[in-house]
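One structure is given below, encoded as structure tokens.
Going in written order, the chains are labelled A, B, C and D, and every chain counts its residues from 1.
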Amino acid sequence: MSTLPPVEDIKAQIEAGVPGAVVTVVQNGSPSAQHSLLLGREHARDAALFLRDHAELRLDFCSLVTGVDWLDTETSEKVKVKKVVEGPDGTQQETEVEETRKTKIPGYLEAVYHLFSMEKKHGPVVIRVRTANRADYAHVPSLTPVWRSCEFQEREAFDLYGIVFDGHPDLRRILMWDGFADFPMRKDYVPPDDDALATVPHGKSPEVQA
Amino acid sequence: MSNDLLEVDPIAGQGEIMEVSMGPHHPSTHGVFRMDVRLEGEKVVRLKPVFGYLHRNHEKIAEHGAYLAAIPYTDRLDYLCSMTNNWGYCLAVEKLAGITVPERAEYIRVIVAELTRFQNHAGLVGFLLQDMGASGTPLMYAFREREKVLDLFESLSGARMMCNYMRFGGLRVDATAAWLDEVRRLLPALPRFLDEFENLLRANEILMARTQGTGRLSRELAVSAGVTGPMLRASGVNYDVRKVDKYGIYDRFDFRVPLGDHGDVYDRYMMRILEMRETVKILEQALRGIPEGPIMDPKVRLRGLRPKAGEAYGRIESPKGELGFFLISDGTTNPYRYRVRPPSMINLTILEDMCLGQNIADVVVTLGSVDIVLGEVDR
Amino acid sequence: MLGEGIIQGLLETARNFFGSYVEKDRLTTVQFPEERRPLPEASRNFPFLLYDGTDPDAGLRCVSCQICEKECPPRCIHIEKSKDKKPDFVGKMQAYPAVFDIDVSVCMSCQICVEVCPFDAIRMDTEFELSTTDRFGSLLYTKRELAKSNEYYRKIHPTEAAECDARRAKDVEDTKAKAAAAAAAAAAKAAQAKDPAAAPPPASSASTNGAAAPARSEVKENQ
Amino acid sequence: MNAAAADQIFVTLKHWALVHTPASLQVLVSILLTIIPIIVIFPAIFALSVLLERKGLGRMQNRYGPNRVGPFGILQPIADALKSLTKEDIVPRSADHVVHYLAPLVLVGAAFLGYAVLPIGRNMVAANLDAGVLFFFAIGAATELAVFMAGWSSRNKYSLLGAMRAIAQMVSYEIPLILSSVAVVMMSGTLSTTSIVERQAHYTATLAHWNVFTPWGLAGFFLFMISGMAETNRSPFDLPEGESEIIAGYFIEYSGFKFALFFLAEYLEIFSISGLGITLFLGGWSSPFSFFAWIPSWIWFFTKLFTFILFFIWVRGTLPRLRMDQLMNFAWKFMLPMALIVILSAGIWRFLPAQSAEMAVVRWLVCAVIIAVPYVVLARALEQGKRIEKRTYRYAE
């Protein structure tokens, strides 16, 4: 079992091996310290191929494909701004004033791939690919041509998140039925209130009614 | 994948294509599973698995609940192996929150996980033979042994199948000395059952004729398709998460990983039989080495666990293959993203590749050898 | 040679055929309604509410803190808190559930409500013959159907019940000791006021409250 | 009552009944008295063997089997019958109603007709035809028609697959079935079932002259029984109804009483094939040893029949099912050549002299070798053709 180089090295290797690839390291704050690599959409497949075929990495096994939904967020940060304020004595003086600035970060959908190597027995290397926005059908390149194991899992991410994997051989709904319109795993999904099997509403026990 | 018994097929390509929808109500689909099969005579020319009939959006449910509340739901993923499902999830949470597990708890985890592996493999072999038309005899032998294991689970955790036994940081209840003695008493019976099973079937010409060369899966395709578990090892790839990750305390046990060379149904069947023997070995060692001590990390807050924002992927070797849980925490009490890597579903990816050109009777056997549980495939 | 394995298999089934008449452990089947296996102590099915004494209304241990309602994974518990309060087993004034419903058609027997209950008020039953002809109504268990006595609990889970009883006995004693200490302290204070020279050391017995104490504080935090 | 009277009790009873009927009705009564026992007894054996099968399979699988209805569950067949009678008879909307309705009737009718030529005791045969064996096989072929009627008319893909499998299987296995009985016909010099039995009911020392005691008879008997199993769709040749693949095959769309008729017909065929096997190879109603000859002949027949039934159950409890191509392969590449060799061996047996004891032993050995050598060769070829092997496995540390 060989050990895996740190993600920064892998990033450098990808950038060296795939011309034009944009790779960002996404730090992971949890004790697991599984940091990930964010790949640009344009070169994601090339980078994936590079990772798979690289002699030392040999990430031949894509274990897990996940869709993640990141909603539009509003971050507010407090900034200290120098302002000229009229002092109580009438003179103009500079004081530091705290101000909240709101920045709106547009949401996106993300496909996360966990790669291992069956040959070298190391892993995981986590790669992420993000869509441009959270539109109904948001596009990322499919990695099924690289790893066959992505086939069903990408279909699932398409089914539940609406991520369209360009180049997927058979992108259909997999768990929900074909006529289903929504993407139930999205964070803003509201389930329809049509549960025909809903049980007796709580609190309606005979004791209360009496 | 040629059918060696029908070398000459004069009407290939001219025959009429018949579409058969096998399932969702079919005795051999192991639940509500459908295969859209196109047949030319009895030969399969296309096969598309269709599932989702049991879909309940397990992941969404788990994201709506606290970290603790997801554990009983993991029982229902692969409902035959709730103990290993618990372990997979707890391992992921432990990685996410940096929790350590006391030694005694690790030993008990190994014991119950290996018992689970045994009963799952026994059941699968029984079902596989049932799919081959063996009128229930092997299945009943397997269930006879499984029953004994389930009795143990019941007296340990209170439930036979939905054990809900493990917690991040340890276990829910301790195993008593009497329980461990029960396991020790059971152990000699397990190899005896395996011998019986082999007598019944190992040299059986019909079994060999039905399974050898059926549903072949090449090494390269198996790796690329992310097939894991006994199915991968039957194709000759030495990859067992217990050996690779050495999660828990698996580095302390001496066991071997059987490997197949042909990657056909017979190899997959034999992998399970041989793994059961190794499982008995692990159990013997674990029962010898189990220490006294606490079973729960006292610092862990089960209720209202708030891991630091971040993510973790924890995986174990479940009887079906690599069972992984991917968790993203945003610092609240609920996981922001909870994702299961269902080995059954991913192993199904190459079902069509294995079945093309085979007989319809082989489809059933090949599907049986994949070892799927629809609770996990559909989630 | 062709046929060898088949004969081997035939012999094995024959052995099992005769063996099933001789060896007891081959037949795992139990002739159910007549023959009942004793349930293991850990066995669990659906939750019930514990009460002390003989009156389910007066002795119900539940203080309707609603932790189980919140933690229940399938959310099958419904609790409405009472407006008034009544003293619990240590004499502290506590609310009680005006409504406590469990929808056992939803319940998945996971035992999490039992684990999180800081008052030992909810436990798992072992009764499993619960079939009804009505799909919804009769599977919605109300407070009255759920309440079962401590004696019943001792019968179905003896070890667990003994631990629980010991814990509660200790709670009662601690409370008494606390009260006694408080009384002593008050008396001492009074005495001190009279005679400042003879001050006793401060009471130290009030600190131990075992496992229940952190749980209690957690309750407050959650509420 | 002496042994001979006990042996002939049913024959005597029938005569007595006929004597007491008016002459104008005698033919009708005679026919009824022959047919009604067959129609009553064999379905009764069906009920009994279903019970035996369920109990036996249960025990082989370490279960109890049915034990609720009546003491030890012996009334289970009655409960089963009531259940199937009261069940709703469902006919698919798109089915061919007439054919769908007729199929089980034709099947049961054909299954019953075979009993006409089975001697179930001394002087106890419904129709003593000169070409009894031929009649039996001709009638047996009619079941194929019924099976295809059922499969076709149901308008179900599975039932069609099942019917096609059934036809292919039955046609293929009829050849070794008939060829293996040709050896017996050749040796006996007659096609009449009663004469075949009578020729076997002689004794040398105490041992009967059953065909199964000769090498060609033994091999022919096994071939006959294997083909018989395939012909009656018994496990391990139950492909036409293989419930794990094509669910129930040709009778998937039948329910209630029609389904029960299929079930009945299947068992009736098993009994009649077994009965013919007994007649051809196991001396029919004759006892194996001369000192047991006092036991009534019909008891011998039914004892042998039940032994067969138990063996069928035993095999069913043990073996998985073959695949279609393997089944065909087995029929054409193994059963057919073996059946021809059995005929050859029987011919040689016929012409080798066996006046002295030594000569008899030599003849026995020669005929046995003629069969054993091709068996080894063909079995090897079959195994190698399928490339089946016992495997050993490697381990990774």
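Note that in this section contacts are C-beta pairs under 8 Å (C-beta built on N, C-alpha and C of every residue); 3 or more make two chains touch, one makes a residue touch a chain.
Please read all numbers here as calculations on a predicted model, not as lab measurements.
Asks: More C-beta contacts across C-D or across B-D?
Replies: Between the chain pairs C-D and B-D, B-D carries more contacts.
Asks: Which chain's mean C-alpha position is the greatest distance from chain D's?
Replies: The chain farthest from chain D, judged by C-alpha centres, is A.
Asks: Quick one: chain C and chain D, Cα centre-to-centre, how many Å?
Replies: 63
Asks: Where the centres are mean C-alpha positions, what is the separation of chain A from chain D, in Å?
Replies: A distance of 67 Å separates the two centres.
Asks: Find the geometric centre of each of chain A and chain C from their Cα atoms only, then give the gap between the two centres in Å, rounded to an integer.
Replies: 42
Asks: Any chance you could list the residues of chain D touching two or more other chains?
Replies: 60-63, 317-319, 383
Asks: Return the residues of chain C touching two or more other chains; collapse runs of consecutive numbers into ranges.
Replies: 2-3, 6, 9, 12-13, 16, 26, 28 - these are the residues of chain C that touch more than one other chain.
Asks: Could you list, by residue number, the parts of chain D that touch chain B in their complex?
Replies: Within the complex, chain D touches chain B at residues 57, 60-63, 157-158, 161, 165, 235-236, 238-239, 242-247, 316-326, 328-329, 383, 385-391, 393-397.
Asks: Give the list of chain C residues in touch with chain D in this complex.
Replies: Chain C residues touching chain D: 1-3, 6, 9-10, 12-14, 16-17, 19-21, 26-29, 31.
Asks: Which residues of chain B touch chain D in the complex?
Replies: Of all residues in chain B, those touching chain D are 3-6, 18, 20, 26-28, 42, 129-137, 139-141, 144, 200, 202-210, 212-213, 238, 240, 243, 256-262, 266-267, 270, 274, 359-362, 364.
Asks: Looking at the complex, which residues from chain D come into contact with chain C?
Replies: 56, 59-64, 67, 314-315, 317-319, 376, 379, 382-383
Asks: Mind listing the chain B positions that touch chain A in their complex?
Replies: Counting only chain B, the residues touching chain A are 51-52, 55, 57, 59-60, 95-98, 221, 223-228, 237, 239, 244, 307-315, 322, 324, 326, 328-329, 337, 339, 341, 345-346, 348-350, 378-379.
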